[in-house]
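Across the two complexes that follow, chain A remains constant while its partner is chain B and subsequently chain C.
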Partner chain A sequence: MTRQKSLETTFIEAFDKDLGLLPSDDSDAWTSSQRQAIRTFADTGFPRPKSEAYKYTPVTRWIGDTPLLQTPGPVSATRLPLSELPGVHLKTVNGQLASAPEQLPEGLTVLTLRSALETHPELVRQHLKRVSEGTSSDVFGTLAAAFAPDGLFIHIAPGAVLPEPVYIHHAAVSPDAFIQPRMLVVAGENSEAHIVEHFPEADAGSVFENRIVGVDVAMRARLKHLVVYERGARARFVNGLYVEQKGESVFSTNNMTLGGALVRNNLHFVPDGEHCETHLNGLYIARGGAHVDNYTLVDHVKPNCFSNELFKGIVEGGSTGVFNGKVMVRQDAQKINAYQSSKSIVMDDRSHVYAKPELEIYADDVRCSHGATTGELDDEALFYLRSRGIPEKTARLILLEAFARDVVDLISLKEVRTYLNTRLGQLLAD
Partner chain B sequence: MNMLDIKNLHASIEEDGTPILKGLDLSVKPGEVHAIMGPNGSGKSTLASVLAGRDGYEVTDGSVTYEGHDLLEMEADERAREGLFLAFQYPVELPGVSMSNFLRHAVNSVREHQGKDELSAADFLALMRENAALVNLDPALKARSVNEGFSGGEKKRNEIFQLAMLAPKLAILDETDSGLDIDALRVVSEGVNKLRGPERSFVVITHYQRLLEYIVPDVVHVLVDGRIVRSGDKQLALDLEEKGYDWLREDAGVPA
Partner chain C sequence: MSTEYLQEVANADYKYGFVTEIESDKAAIGLDESTVRYISAKKNEPEWLLEWRLKALDYFLSLLEKNDKPEWAHLDIRDIDFQSISYYSAPKKKPELESLDEVDPQLIDTFNKLGIPLMEQKRLAGVAVDVVMDSVSVTTTFKKELNEKGIIFCSFGEAVQEHPELVRKYLGSVVPRTDNFYAALNSAVFSDGSFCYIPKGVRCPMELSTYFRINEAGTGQFERTLIIADEGSYVSYLEGCTAPMRDENQLHAAVVEIVAHEEAEVKYSTIQNWYPGSAEGKGGVYNFVTKRGICEGRRSKISWTQLETGSAITWKYPSVILKGDDSVGEFYSVAFTKGHQQADTGTKMIHIGKNTTSTVISKGISGGKSQNAYRGLVKINRGATGARNFSQCDSMLLGDRCGAHTFPYLEINNPTAQVEHEATTSKVGEDQIFYCQQRGISETDAIKLIVNGFCKEILAKLPMEFAVEARNLLAIELEGSVG
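Presenting the complex of A and B:
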């Protein structure tokens, strides 16, 4: 109890020292929203040990007693493997836009979130408010909102169809620091875009990225999103993604967690309009004592929507995987089709998977299903491969790659699929 | 030298120690086809499993010599690379593993063991086409996952197709006829017959004589209670069809 209190106090005191907790006359909209966020954070506090949403993943354990809130000199990733692919390429340093992008395709706007307060005041103010008040974030998101010095703003104009993907290379981070990136993505009405975020391996020790991302998908917009997380074996990541969809829009996100010591994906979706389509998928490989938690909530508030969820995990070497997927269908949300599936392979006795699918349905005319399986690699399948002369190690690799490929195949970009299949092969062969 | 020499083989189920094979002897020469018949529970599938190296069985006595080497010392995949092939009674589905990927790994593992280069993509595809035709399999299957969504007959034909691809020295067919209608049985048998040769031996395990009308064996053995109680020519299979197994049980002093 004392320890938790002191950790929250640590953050609040740091905030007070830096920005001051009390409102000041000259403060701008950004700073005001930061103050609102730290108040929400102080009221909410970190999840208690019995918290349902965090019971398998006590994140504060990975924060430690003395989070490094100053950011020492950032280190760059040694390689940005996706940077040669055709598309728009953006880079961030500690979650902030590294340099103003040149030559953007028509309909795409990329700004810092602070400057977007000037250019798109209504959109941004509304987003800041929702996060700071905790309606579009949980406590980690509001913490990020309190400390983020700025953020990234991506806007796709109504009707714009981006011909190529937008790649965001989270290219540099400060070693061991607790950094708090934020981002707002707005897909205008009837627009179409594909956003790929890459967190490449960087020699950044136990860097903790606690980020909050808001995504607004307008009427009939079609937005695809992919996150590939490949930081080092000590890195930590809380990935808050809050998506709101308007009618007839299609949104998909795919989360590839291939690195890190702690990864918690907080994925929230509100299809707030009829005939929305939502796809959320993920693949994780937890090795060497890592802890990976995919927490998803699809909140169906409007009728005639479709959502589909597929998460797969491979867990080995004393690691832990968690899948906690909740689908909520509100009373007026009739004719919902909502599907959810979670599958994991546990490679050894020291590793564990906790799967907790939840359906909460208040409407009476819906089709919902969920399934969760956890098991070892199939002995009979392994023997079948070996009986054809394939050495055991290769046989295992073939089966694991086949297991993972389902999720990779959902990515529509061929070059990215090729990259991921190669990386998976390397990781699994280790 | 014999292809296979089994002497006084005793094997039990590892989990609970139940003895299944109780002193089995069998010798197979190159090019011979041996049929092993027997009632349910006599140990037919256990014999196939022990020969192929499946986990879960313990050999408690006896020996198995394959081409002069101790077979039981080898891992399952090593046995396969040395030219032993098991056609499964229940072929396993491998979702997400394409037939071509599976066979490319298998064929090249065997070739590497034999000191040969990997097959080129073109040669490999040609080999697949040729062997698929042998058992009337649709060549489009190469893109499909192994056995996934295959009918019962397709699965069994797929086993013989794999046999053809790997060109083993000793093939064990474990109840390849079970679940096949007469047309599929004919296709499978014709495939096997085309693969017979002076250097290749077969051990055909079956419950019924029906298969042996198509794959005519050189020797028929009857397995009862973990031992071979009688051996003969193909006439023995016909006698069994007519009289059942009970008369042999009595001869062998085993209660029915």
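Presenting the complex of A and C:
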């Protein structure tokens, strides 16, 4: 308890020293929103040990030993395996925009968030407010909002259909640093885009990335989103994704967690309009004592929407996998179809899987279901393969790959699928 | 049409509201050491039990001071003033009767009103009924026949006097006095309850049942039940409840402990139909129950079946600790809420032994402005090789102002475990109603039919006579004031 308190105080004091907690005359919109965020953070505090949302993942335990709030040190260049693929390539260093092509396709705007405050004041201000006040963010998101020096802004103009995916390579981070990136993606009405975020291994050491991403999907927009996280075995990651959809829009996200010591995906979706479609899929492979937690919330506030969720995990070597998925259907949000499925494989008796698939439903005319299974590889399937002369090791690998590919196959980019399948093969063969 | 009917269902009156006027003996209002001493002295308890109670009281008061109440449930509980409750109430006349003729006629009348003709049940069904009226056992029947088999079935107070060695050995062995807030309260002030011991290799020849009733205004009821099934024995235990209509909230914090030794089987069935509060959400019983069984020995089995239709607030998680290898735990539940009722109920299956199996089937039906939540834990410990669990939770919504929730917790620490959980939520199918109506079945009957079908697999698990009562109860609940 004391340690937790002191951890919060550390952040608040550092903020005060750096920016000052009290409003000043010269403060711009950005700084004021930072101040609001730190106030919200101070009011909320880190999740208590008994907190339901963080029941199996006391994140503060992993923050404790990170040197906090130091200016990030130098970074080293990294190989970016996806950078050769056709598409628009953006690069960030320590969470800040480092490079973007000079010539962007029509309808795509890439800016820093601060400069977007000038060009798209309304969009950005609204987002800043929502995050700082904690309405579309949990406490880790507001913390990131308090400290992020700037952020990344991606805007797809109404009606624009991007021919190629936008790749964001979170290319480099200072090893062992504590960094808090921020991003806002806005898909205008009737627009269409595909955003792929890649976190390569990148000599990250025990870096702690606590990020907040806001996604606004306007009427009838279609946005696809993919996150591939492959940082090293000591890296920590709290991935706050807050999506708001307007009517008739389609949003899909796919979260591939293939690395890290601690990964907490906070995935929140509010289909705030009728006839929205939301797809969220995820695959995680937790190895070597890693702790991976997928927390998802689909909050149906409007009627006639559809959501589908599929999360799969392979947990081995004293690791822990957590799936906490919640589907909420508010009063009067009738005719909702919401499905959720979570499947995990535990490979050894030192590993753990905790699943908490929840339904919270206040409307009657709905169809909601969830299913969760946990177990080891199917004995009969193994036997089948072995009876055809396939050695046990290979047979296991085949089954594991098949299990994982269910999620990979949902990705529409062929090249990325190929890359992921190769990576999965390597990871699982180890 | 359908909404109207459902509304009426949801507003249905509580049919079992009446008060039996029996003189009673009450403890002063409030809770401190003297309350516990008063209860213990009243019941002429040995020193060790008093000490046990006092330790529980200490723990409870320390929690109360920290305001450390369980708050994780999906319930909106008005602050309960634990100092404004009288913790003991016993009917003054304590008849020790051999035959039912000597029982207070008013009591018989009460049971008749409840639709439980004791005499008839005794004769026809061959059920020994240990009637618990408020807190003290009033009459016990069929004792002789049970005695012949060596089965002990008596009130808790009697067991303390006559079989102290058994009570001492098992009391608190499954639900320790520090288990949780309400269990600690119960441990401190429990008034009476039932005690049951089935000796080695004995198959109990009849269903054992107890009817609990909360009768005295302003008294909490703190039952404590202890069931021990020795090696190779079998018992089916029934518990059913209805309570008179009251305006103020009544607190009920019971504890049930079950121990099943090697190859023993215990089947525990409950119908709970306490006063759910008025249509405006006023009054009603607060039901905070800790029920837990342990499959101590190899190949033992504990099965919980429950039909929950009453209480303003239900907080209840009948659990099984599967300690013995190859042991089996089962939980079958129907929870029906309407009006302003709130239920947060489910189970815990803790797999410790090897090749243990558990099955959870829960059906929730909510109407009116009620909130109905399933909350269940399946935990596979590291050593529980070959554990198997299947859980299914289905919810049905009868209105657009109610809530149906599912909060399963699956904690798996062993790779050989196979755990499956599935849940669905939907409303009464309009197509199904239409189909029935087409064939000349009224809408009311159609809904009854559908709900009955929804619950059928659970109700079928109840012992025969209970199943009939349960079906009637569900029908009455649905029917309400509608013809």
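One rule holds in what follows: the second predicted complex is superposed on the first by the 421 of 430 C-alpha atoms of A that agree within 3 Å, B and C clash if a C-alpha of one lies under 4 Å from a C-alpha of the other, contacts with A are read in each partner's own complex, and residues count from 1 in each chain.
FYI, a contact is a pair of C-beta atoms (placed from the backbone, for glycine too) under 8 Å apart; a residue touches a chain by one contact, two chains touch by 3 or more.
Here the structure is a predicted model, which is why all the values come from computation and not from measurement.
Identify whether chain B and chain C fit side by side or clash on chain A in the overlaid structures.
After superposition on chain A, which the two structures share, chain B sits beside chain C with no clash.
Looking at the overlay, does A:G288 come into contact with chain B only (first), chain C only (second), both, or neither?
A:G288 contacts neither chain B nor chain C.
Who does A:H352 touch here: chain B (first), chain C (second), both, or neither?
second
Looking at A:D332, would you say it contacts chain B, chain C, both, or neither? Reply first, second, both or neither.
second
Hey, is it chain B or chain C that touches more of chain A?
Answer, by number of touched residues of chain A: C.
With the two structures laid over each other on chain A, which partner does A:A363 touch: chain B (first), chain C (second), both, or neither?
second
Check whether A:E376 is in contact with chain B, with chain C, with both or with neither, and answer first, second, both or neither.
Once the two structures are laid over each other on A, A:E376 reaches chain C alone.
Per the contact definition in the header, classify A:E52: touching chain B only (first), chain C only (second), both, or neither.
Second partner only.
With both complexes superposed on chain A, which partner does A:P121 reach: first (chain B), second (chain C), both or neither?
neither
Considering only touches as defined above, state whether A:P23 meets chain B (first), chain C (second), both or neither.
neither
Between chain B (first) and chain C (second), which, if any, makes contact with A:R405: first, second, both or neither?
After superposition on chain A, A:R405 lies in contact with chain B alone.
Vertex at chain A, arms to chain B and chain C: angle between C-alpha centres to the nearest 10°?
If I round to tens, I get 70 degrees.
With both complexes overlaid on chain A, what's the closest CA-to-CA approach of chain B to chain C, in Å?
Least C-alpha distance: 11 Å.
Would you mind listing the overlap between the chain B footprint and the chain C footprint on chain A?
none
Across the complex, what residues on chain A touch chain B?
Residues 378-381, 383-392, 394-395, 398-399, 401-403, 405-406.
Okay, in this complex, where on chain C does chain A touch?
For this pair, the touching residues of chain C are 72, 74, 382, 395, 397-427.
How about chain A: which of its residues touch chain C in the complex?
It is residues 50, 52, 331-332, 334, 344, 346-376 of chain A that touch chain C.
Okay, in this complex, where on chain B does chain A touch?
Listed in rising order, the residues are 52-55, 75-77, 80-81, 85-86, 88, 91-97, 101-103, 105-106, 109-110, 113, 145, 162, 166.
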